[in-house]
Amino acid sequence: MAFNAHASGLYVIAATPFHPDGRLDLESVDRLTDFYLSCGATGLTVLGVMGEAPKLDAAESTTLVQRFVQRASGVPVIVGVTAPGFAPMRSLARSVMDAGAAGVMIAPPSTLRTDDQIVTYYAQAREAIGEDVPFALQDYPLAFSVVMTPEVLRRIVTDNPSCVMLKIEDWPSLEKISALRRLEQAGRMRRTSILTGNGGLFVDFEMERGADGAMTGYAFPDLLAEVVRLIGAGERDKAHDRFDAHLPLLRYEQQPGIGLAVRKYILQRRGALASEAQRKPSIALSAAARAEVDYLLARLAARDPRARLV
Amino acid sequence: MAFNAHASGLYVIAATPFHPDGRLDLESVDRLTDFYLSCGATGLTVLGVMGEAPKLDAAESTTLVQRFVQRASGVPVIVGVTAPGFAPMRSLARSVMDAGAAGVMIAPPSTLRTDDQIVTYYAQAREAIGEDVPFALQDYPLAFSVVMTPEVLRRIVTDNPSCVMLKIEDWPSLEKISALRRLEQAGRMRRTSILTGNGGLFVDFEMERGADGAMTGYAFPDLLAEVVRLIGAGERDKAHDRFDAHLPLLRYEQQPGIGLAVRKYILQRRGALASEAQRKPSIALSAAARAEVDYLLARLAARDPRARLV
Amino acid sequence: MAFNAHASGLYVIAATPFHPDGRLDLESVDRLTDFYLSCGATGLTVLGVMGEAPKLDAAESTTLVQRFVQRASGVPVIVGVTAPGFAPMRSLARSVMDAGAAGVMIAPPSTLRTDDQIVTYYAQAREAIGEDVPFALQDYPLAFSVVMTPEVLRRIVTDNPSCVMLKIEDWPSLEKISALRRLEQAGRMRRTSILTGNGGLFVDFEMERGADGAMTGYAFPDLLAEVVRLIGAGERDKAHDRFDAHLPLLRYEQQPGIGLAVRKYILQRRGALASEAQRKPSIALSAAARAEVDYLLARLAARDPRARLV
Amino acid sequence: MAFNAHASGLYVIAATPFHPDGRLDLESVDRLTDFYLSCGATGLTVLGVMGEAPKLDAAESTTLVQRFVQRASGVPVIVGVTAPGFAPMRSLARSVMDAGAAGVMIAPPSTLRTDDQIVTYYAQAREAIGEDVPFALQDYPLAFSVVMTPEVLRRIVTDNPSCVMLKIEDWPSLEKISALRRLEQAGRMRRTSILTGNGGLFVDFEMERGADGAMTGYAFPDLLAEVVRLIGAGERDKAHDRFDAHLPLLRYEQQPGIGLAVRKYILQRRGALASEAQRKPSIALSAAARAEVDYLLARLAARDPRARLV
């Protein structure tokens, strides 16, 4: 399925695999890609907020993207190109598009305040990366301190034909998704794909409000793909049953600061990564936290046999 | 149980009842107090962040506190006195202590940055309210943008004997609670009560890390009191079973902006409030949101007969 | 001259006089008022950012305003009523209007982000204080972290007939003043008074861009009044000559944190205050800073005999 | 004079020259370097906040630095390497050191809050760039929202032997400079060079408080060099006379947003740049602003014949 205004399903925010000594672990990129695809991913997002992007230099970023693209064999890979300026954004965007990426994702700099500043920023970003590069806009006020109203999103979508996807992780997101879909239905806004984030914490209801899928990196992407599928198939109760079984762990993984360590630990335990290592600087799991995750994993396995670890 | 460094259990962040026309609903204060006490509250916190404090003028604040204190008949009531300056903080603190409050709670102004600024602020606040007024410190970076390390909290506790309680709702809170208890065990820090917030989203593990209880306002305070009790009694699995059943709703209620509307709607449906009205400015539940809450309530009642609404 | 959409000249941000022991010094209120009027003030602003407002409780605030109003004998006094909620804002606004204030001034809370949030806030504030209370809007992003475009200001002015004055201390302010006056000239915006702040640092050019005057508290209000008058009279070079002579000191006084101490020290040396005392918490002048101010005062007196201290 | 803990004088924040079509203007780099050296610069800072660094990609950054280094023929060039992560910081630092830079400058990311976070950040940054790369720390809370106490600076200087310079542009800076020098005199802190910023707005007094010089880009660097020299020579009155003559323009140039346009316009009028062009996105001078600058230049020339433009 292409990366365009009708994209749906699950775009996994891909973890970046490292060896314990800090080198990129490219073999694990293959393993992880296979894992994500087997979980039902319809796309991958590389170098996202939870992808340790700022810890990679430009050459490593390109190498990483190439490897994901090669292994994903046709499943679209989009790449976070958020940067402190338009020149490095353009460089990275061109480099990853050359490497086979299907598009890019752009978050706003935290200095933006007024509606017009935000709209102008995205026009400049689109110009910087080129009209031919489709992009997703990341709307994540908790992380970026930039608040975009539905009307501002409408203006950005209207001004920039290459904006094909909105990643909505405003908090709360539900009314915003409804508002955006109402704008579409009223003919005031072009259709875009809407995927959601926030670690999947509201994906159950977000799908019902009109989202096309999720873009997040919870260590059980299979669960996310299943919830997306079940809601799409109208199996509401079953979707919630499955989701609720995962919620205690999903919530735990969503903790700021420590969340990535939780995620990589589970991915390693599930065999998707050779090592849970993060590149420095990073926060490690304490023994207590590790035991808490183990406890949650055990409880989850008891409720959901498919979540049993080997 | 007194409001002191050994306080434990559940301090409910009390909602503030209004009539649909915006007047204070003092009869509902009685009803709500009875409800909270029947749920197992060991204390009440009035005029907290979710208590619509900024919408009350000084006279109303005092009237409200008086009514809660009278009805709580001995259960300690503490009052949020966070203010833009020390003069209004002092006025409000004196007024509510005269009205029978057991103590106050103080959050930091968002302008504080350095460790020393934070420590100095609390010394000045303690001087403003008077040495004889016990207080809880609210550590809630997500809301206040002030980050306090365990060491800064240690300094504040050490400098201010009247600081008897820490409300820890840092995110994540788990390692912080562990760190604070380690400081105590190492003899480097006086004992304080530690209660937790964040809508109860981590209360299951926070109790195991050393918290004495919870201070939050989830519309099923009975669940919070039960989890606190079960963990205290060593019944870990049972505590998590009970907690997990509520987590889908609890998570929904914790959404910024809309959370208070969810909470008041449920409290009204549970008979604890005559009206779900908030004083303006406020955000109302959309029909879609209301239906989502109803769905979550129905699912909860199916899992937990005690959560069935009349 | 009334406080309305045609107000002009100099509104002095009044200092709040204290005795060294922290009590309000009401005698100095009289002395200070006389001083300001003799300097050419056309209005006074009490309880502004530099008026130590948060250090006064409600009763003191009213007492202070009453005293200024009585002594100003007809010169309009407006009062800062910025508050953490609309209830205390309403209380204070009513109390000071009863005490004879001509109007109030309202700054935005730092939590506002989107254009609509800002516009909505001022509609709610106007409703809270009452349609009959004329108000000035304070546009000061450096202090409040809220950025208002000319278009947002236009919407607020249009929505709220009682908004009669804009205090523009955006940074930079010059293009903004021009933009607002263009909106007026194009018939898109009702006429309002525009006064400027930022300690007067750009008053020379702000007047030429269309401001009606200044609202700030530099310890030589006579200089500000003179510059306003000279620019109005078309005496550009003379205005700049006068202004430039003061700029080294004016700049020194505008330092954040320490600025109020500089201002009160000079006011005390000029005989306008019995004491330079601030109420705690406050930052005192170091010996080095005091010597620097003395040096600047001496240099100023050498250039401008009227600035000579007794 | 080397870039080390005894560096003094004037480090000019170099403008980045562009052609009107947005290409780097390398010929103007030579011209500008000659101009800065003729003005008395003892060092250059390339890719600073006012150097349009985020508009250059990695290759351009290196090319620019090389050209400045070659032309400066021995005068030390330091380079801003502030980056969103340690990997791009390391890449840029190595690249510019290979190109002949004498050292780098590092500003803190705006997410840092606690004292420990700041100290840890600089330890990680030093490790990232390598122990052998001397660096300046930029302390500029107004721009970066990070507040560093003298004690935090002392810890950073102590932990990182390669930190040889503090660029202090806190606001106010005067007491901070005094506090840092007192720490040195008390033997609690290693000697570092202290240069000051803020567009030079307080350089007159900062020198007297113990600064070694200025690091800023005011379009009359000759004035800054002269003030630094005169204060060093004990000619206080003369230094202030010279400084005060420039203050009206210097203040005008320091306006956020528009400041760089003012600076480049003057540099172009002084013959130091072929074009005043900024690379997009940029803010242009309005006709009114241009006229104001011309007026200030004319007034300056009348007071100071050396400031006369050709």
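Labels for the chains are A, B, C and D, by order of writing; each one numbers its residues from 1.
To be clear about the criterion, contacts are C-beta pairs under 8 Å (C-beta built on N, C-alpha and C of every residue); 3 or more make two chains touch, one makes a residue touch a chain.
No experiment lies behind these values; they were computed from the predicted model shown.
Steps from subunit B to subunit D, minimised over paths through touching chains, total 1.
Its interface matching that of B-D in over half of the contact pairs by residue number, A-C stands out among A-C, A-B or B-C.
Taking each chain's centre as the average of its CA atoms, subunit A and subunit D sit 39 Å apart.
With centres defined as mean CA coordinates, subunit C is found 48 Å away from subunit A. With centres defined as mean CA coordinates, subunit D is found 33 Å away from subunit C. Chain contacts in this assembly form a complete graph, since each chain touches every other chain.
Against subunit D, the residues of subunit B that register as touching in their complex are 113-117, 141, 146-149, 151-152.
Subunit B contributes residues 53-58, 60, 83-88, 90-91, 110, 120, 124, 280-281 to its touches with subunit C in the complex. Looking at the complex, you find that subunit D touches subunit C at residues 171-172, 174-175, 178, 201-202, 204-205, 209, 240, 243-244, 247-248, 251-252, 255-258, 286, 288-289, 292, 299.
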